[in-house]
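The structure appears below as structure tokens.
Going in written order, the chains are labelled A, B, C, D, E and F, and every chain counts its residues from 1.
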Amino acid sequence: MTTRPYNQPLGGNEMPRFGGPATMMRLPTQPTAEGLDACFVGIPMDIGTSNRPGTRFGPRQIRTESCMIRPYNMATRAAPFDSLQVADIGDVAIDTFNLPKCVDIITDAYRDIIKDGCKPLTLGGDHTLSYPILRAIAEKYGPVGLIHVDAHADINEHMFGEPIAHGTPFRRAVEAGVLDTKRCIQIGVRGTGYAADDFDWPREQGFRVVQVEECWHKSLTPLMEEVRAQMGDRPVYLTFDIDSLDPSIAPG
Amino acid sequence: MTTRPYNQPLGGNEMPRFGGPATMMRLPTQPTAEGLDACFVGIPMDIGTSNRPGTRFGPRQIRTESCMIRPYNMATRAAPFDSLQVADIGDVAIDTFNLPKCVDIITDAYRDIIKDGCKPLTLGGDHTLSYPILRAIAEKYGPVGLIHVDAHADINEHMFGEPIAHGTPFRRAVEAGVLDTKRCIQIGVRGTGYAADDFDWPREQGFRVVQVEECWHKSLTPLMEEVRAQMGDRPVYLTFDIDSLDPSIAPG
Amino acid sequence: MTTRPYNQPLGGNEMPRFGGPATMMRLPTQPTAEGLDACFVGIPMDIGTSNRPGTRFGPRQIRTESCMIRPYNMATRAAPFDSLQVADIGDVAIDTFNLPKCVDIITDAYRDIIKDGCKPLTLGGDHTLSYPILRAIAEKYGPVGLIHVDAHADINEHMFGEPIAHGTPFRRAVEAGVLDTKRCIQIGVRGTGYAADDFDWPREQGFRVVQVEECWHKSLTPLMEEVRAQMGDRPVYLTFDIDSLDPSIAPG
Amino acid sequence: MTTRPYNQPLGGNEMPRFGGPATMMRLPTQPTAEGLDACFVGIPMDIGTSNRPGTRFGPRQIRTESCMIRPYNMATRAAPFDSLQVADIGDVAIDTFNLPKCVDIITDAYRDIIKDGCKPLTLGGDHTLSYPILRAIAEKYGPVGLIHVDAHADINEHMFGEPIAHGTPFRRAVEAGVLDTKRCIQIGVRGTGYAADDFDWPREQGFRVVQVEECWHKSLTPLMEEVRAQMGDRPVYLTFDIDSLDPSIAPG
Amino acid sequence: MTTRPYNQPLGGNEMPRFGGPATMMRLPTQPTAEGLDACFVGIPMDIGTSNRPGTRFGPRQIRTESCMIRPYNMATRAAPFDSLQVADIGDVAIDTFNLPKCVDIITDAYRDIIKDGCKPLTLGGDHTLSYPILRAIAEKYGPVGLIHVDAHADINEHMFGEPIAHGTPFRRAVEAGVLDTKRCIQIGVRGTGYAADDFDWPREQGFRVVQVEECWHKSLTPLMEEVRAQMGDRPVYLTFDIDSLDPSIAPG
Amino acid sequence: MTTRPYNQPLGGNEMPRFGGPATMMRLPTQPTAEGLDACFVGIPMDIGTSNRPGTRFGPRQIRTESCMIRPYNMATRAAPFDSLQVADIGDVAIDTFNLPKCVDIITDAYRDIIKDGCKPLTLGGDHTLSYPILRAIAEKYGPVGLIHVDAHADINEHMFGEPIAHGTPFRRAVEAGVLDTKRCIQIGVRGTGYAADDFDWPREQGFRVVQVEECWHKSLTPLMEEVRAQMGDRPVYLTFDIDSLDPSIAPG
């Protein structure tokens, strides 16, 4: 019987956390997803954003901050690196001067990443990226479920007349048939909108929409159990937008 | 039958939110309150503050941040701009070298703003401004109710020997008879004081005082219903001090 | 005899400089360039940039900082507002999701601004904007001179395969024939490049190129006299890139 | 009958809070703990930290921020300065180039501070300092109870091979027999670890360990009553690590 | 023969520079100027400023930064603490809610500081403070010379109608006869003004005005020799405004 | 005839500069110096510093900023990557809890780096590191010349009683005989010191010391020629301390 040598995060007793390469969780890097169960991959993009830019530096900064993370979760005792081969495969080389072209570049990159079953963990990047990723995933797995934690539903018809932008990916995804709309949930949406019924469109597609007011003053553990039931055991795409946090913590 | 053309916030699909004039909520401006149901007005003042200055830049910065706000509230489906004429009427030209003079300048300005029934929404500015505003309001409407959300009661007898400062407005207002003291509530007061009974003075005037410890770990919706009952259907002045937020979010 | 009432910056004795509308130099605004000798106009764009974004907020921030400027220059005693009608005409509504489209939007906007002779003073915005502005100018005035102060020559053939980006405007302008290449000068170029002869291409087009090393330890007044002689009395486009300042002051 | 003249914080009506000496809570200073019931003392140290340094400036910055604090607690009406003589006795002169030497310097300093019964209130400084303080305390009072609020248990065997560092003080303290391990509690520990059972070691020593997940969505008042029962009426050392706050407020 | 024990800055080998009391240059403090050749004294004021406030924190922050300064000047080998008794006497307790009253408080405080010949070294505080200091000095020494390094001449007739503000002190001082106008020099004035002849008024009073353009690209040592000749051996007041530095270093 | 394939910085047209691995100048990495003409190597250390820490993050941040650098120098047309094999070999794994131990760790690491002739280009890290590096260099090359650009001479006898700290490396190096003292120059030293003759000690060892006052208002090209003559063609160690820049740019 042989043990497979899983990649491990570089420990703080081998190299101080402020030194060494700033890869995601201090994991080894490799140029492709070959042989991996899961991979971290960055999409350094912000040209889809309608207000503050800067998420182009997101993948680099997330990696830098991740240098503090140790391999075991102390609440759940989860130990992902005991049974999964994970590495950081770097960034997708987007064309930062051309947003529509980026969409195709991303789909191509993810088609390659997932072709042997590797699960990508994306470091964004503005939310435009969900649409091209979902396209690649649906090609391989068919329409997937969606767990979307965000302040916004990101289901605009267009922005400034453009079909591709950070506020439109899930409408594009629905139109493209890449989501299993009965297994879609949006959690934490809130704030102000262009119309009082902005959140009704995803509901009409079959999504469950949990506005943030339903999340206050209580544990979300019961909701998570409902989500598990809704998703079943088929493939799911999970995406978390930092502005789902309170604006006092993550101003827009 | 004609429809009255209500002002609308400039949309992000007409001008990117990072461009265009940084008026409050991207509303049109006009020099006076004439013809308005409500107006935004700034008081760029901080010379009443006893520690950190900077609220002189408050109106400008609040306007800049407000460029993100869209017209509809997604929780309540409120649509204020469907039935109210609102504009940004700019700032009160205070005399930043003379605090007592500012008090008269502000009362004069508000007398004019409210004379035809326009409701002012003030962008501060240190809390000294509540006293001169209340004076103007009481001249027209008589003593009014008060909903005051703050870390401090702002009812000092004086500060450094001065009657006018950011810690004294509600004592001055009580003395001037401009508050309907049975319809006054202070919510969220907390912290440290010069005497253990600092919060008893407003109680003795008839105010309800809800210390912050009563607000933790629960929804404030029931309290809000009590506030509505207390206020009835007569005029109320509502003021919110940013330091009512936790100091981790809004340090002093 | 009547005096023409020239617009004046709002003085600090009428409204504190931290209050009032944050227009450029506190000048009045108007929606078009009609009747103006010169106008300030913003282009809130950064999607042409290859590294740090953020100049989309440039026009707004430049205006805010300009609130400190008073009308007279104390060194030269120049008094522009005694003889020129100037206003702030706001921002060009670019399509922030589509860089090639922005180029056409900008040319269209400037065609309109200059049609009656108004001289535009542009608040950028990344340097991509020089190409569409020059196109509009050359349509009306023919090929113009160029005074370009920058760390980079911005004459790349392409960036990431794209012809339109912040590093290509002056090559595109030369190709389009909108520059009078014998009356072009680039001042302050420096640093590192993709090839040792990057600065030779503009020289081959007829430009004068003054590398930054020639500017150190001396007054540039003599150089400015040479520039005046080179430009003669025909139209000139002057552009200043903030990174022409030392990186200790304006990091990349 | 004479009244003992207790030190009082300098009031904001005698000297603006932004002026005057930035001592802790604006209390008087004295060079030793002589005659004091309690004292504030700083340990400007960060060389025990494994990631971000800067707590060497902690004592100075805590004092500066404390200038806002007034003498009475408005929730409990506690009035410490009505019955206790308290002063700020300055900082321990650590040897910032030699961590092991610091440990002895601190123990020596605290031996002197507590010799006549003064209770030290320490302004840190990284958590390495708890071990040498506990050594001094146990010499005088015997093994003490521990209330430790932190994200980490700080019970590592070693860090980078070193026995003394900010992640080891409570293991060293247990080994040295200076803690009354049945009266020790760690509250709020969380996050990731080098092993799934990191928090089991203190439990094996007899500590109570309350992981942060047990603290969410409720008042901790009941827990505090249990803590009081656990501690009894014998001496206790209380230590609070700023990273026990959420990382959104106090990033690591 | 005895040696007088001059105060010495606390050395970095006795207490780390990031620890210990943040007095000016780490000198001892005393409550008055008694027995001192020179003293550091703070005026924590910013209510005289017409734009950015914050200099109320100036004295505290200057002291904090001064913790890096050692006693000997390495260029001139000057050793002030070998022959002068110097201490930090704390801050003037201004009334931050009343600018006119501050002027009298400051004159009173300086009258006391200088009564036995102590030379005050003021840590500001906005420039309004020069007028009340000069009043106190002239009472004792008669009209004095002035060396004023600044971007502005600070000789406005009034600001927003007020005679006392940070832009008026030297006009008030001339009117009060407290300056020896033939021994006054203003160095570095520049920028924009309300009139082209703003800098002519001080010239008309007999001041020498050296605009900043005369200071560029050369050593100012020759100018300093002229200044010494102008001042002679009679008393001089020297004041340095931080905005005399380039705005890239010290933005207004 | 074969061409040796020199490593090249990753270009901005292959991967946006805000994406991809943040290695020094975007060069490839390798774990050792084997086969290299020169290497970049980081020493993430700040525990030798006597005031502000943070240089432990220096190597990581220098690498991040270096992503902007392109391969050719536009002033000199130098093209280092056309003839030298260069890579980034990562960081030295220092023991951040033990400064004396770090000195040995660094000497050991550099002994290995230089053993086959590779020239190390160090990314610091506080200046303590120069002493252990010089020890390793002198073992292989004998005593070397020194070009030291700094605000401080770093030749203290000790700091807080410790022989090893950021202010002592060049005294330790002289004592250890690892410097060729006639070929040593210190440029830019300035400021304040513990004694007027602090800079005389290196002069007495044979160093040339150029105080900063000799560097103002002129080109340093003539000085550089003198430095070349002084150094001759034997090995030289060049070190640049960021505080040699003006404190307005690089505050201590």
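As a working rule, a contact is a pair of C-beta atoms (placed from the backbone, for glycine too) under 8 Å apart; a residue touches a chain by one contact, two chains touch by 3 or more.
Chain labels with UniProt names: A, B, C, D, E, F = Agmatinase.
This one's a predicted model, so the numbers in the text were calculated from it and none came from an experiment.
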{"item": "Reference interface B-C: repeating pair among D-E, B-E or E-F with over half of contacts shared", "value": "D-E"}
{"item": "Shared interface numbering between chain F and chain C [over half = same, under half = different]", "value": "different"}
{"item": "Of A-B and D-F, whichever chain pair has more C-beta contact pairs", "value": "A-B"}
{"item": "Farthest chain relative to chain C (centres taken as mean CA coordinates)", "value": "D"}
{"item": "Mean-CA-position distance for chain D and chain B (Å)", "value": "40"}
{"item": "Multi-chain contact sites of chain A, meaning residues that touch two or more partners", "value": "16, 18, 50, 56, 96, 159-161, 217, 249"}
{"item": "Touch relationships between chains, expressed as pairs", "value": "A-B, A-C, A-D, A-F, B-C, B-D, B-E, C-E, C-F, D-E, D-F, E-F"}
{"item": "Footprint of chain F on chain E - complex, ascending", "value": "11-13, 16-18, 65, 67-75, 77, 79, 217-219, 245, 249-250"}
{"item": "Residue ranges of chain F in contact with chain D within the complex", "value": "46-48, 50, 53-54, 56, 95-100, 159-162, 164-165"}
{"item": "Touch list for chain F against partner chain E, complex", "value": "50-52, 158-161, 189-199, 211-213, 216-217, 248-249, 251-252"}
{"item": "Chain C to chain B touching residues, read off their complex", "value": "14-16, 18-23, 29, 42, 44, 56-57, 59-60, 64, 90-94, 96"}
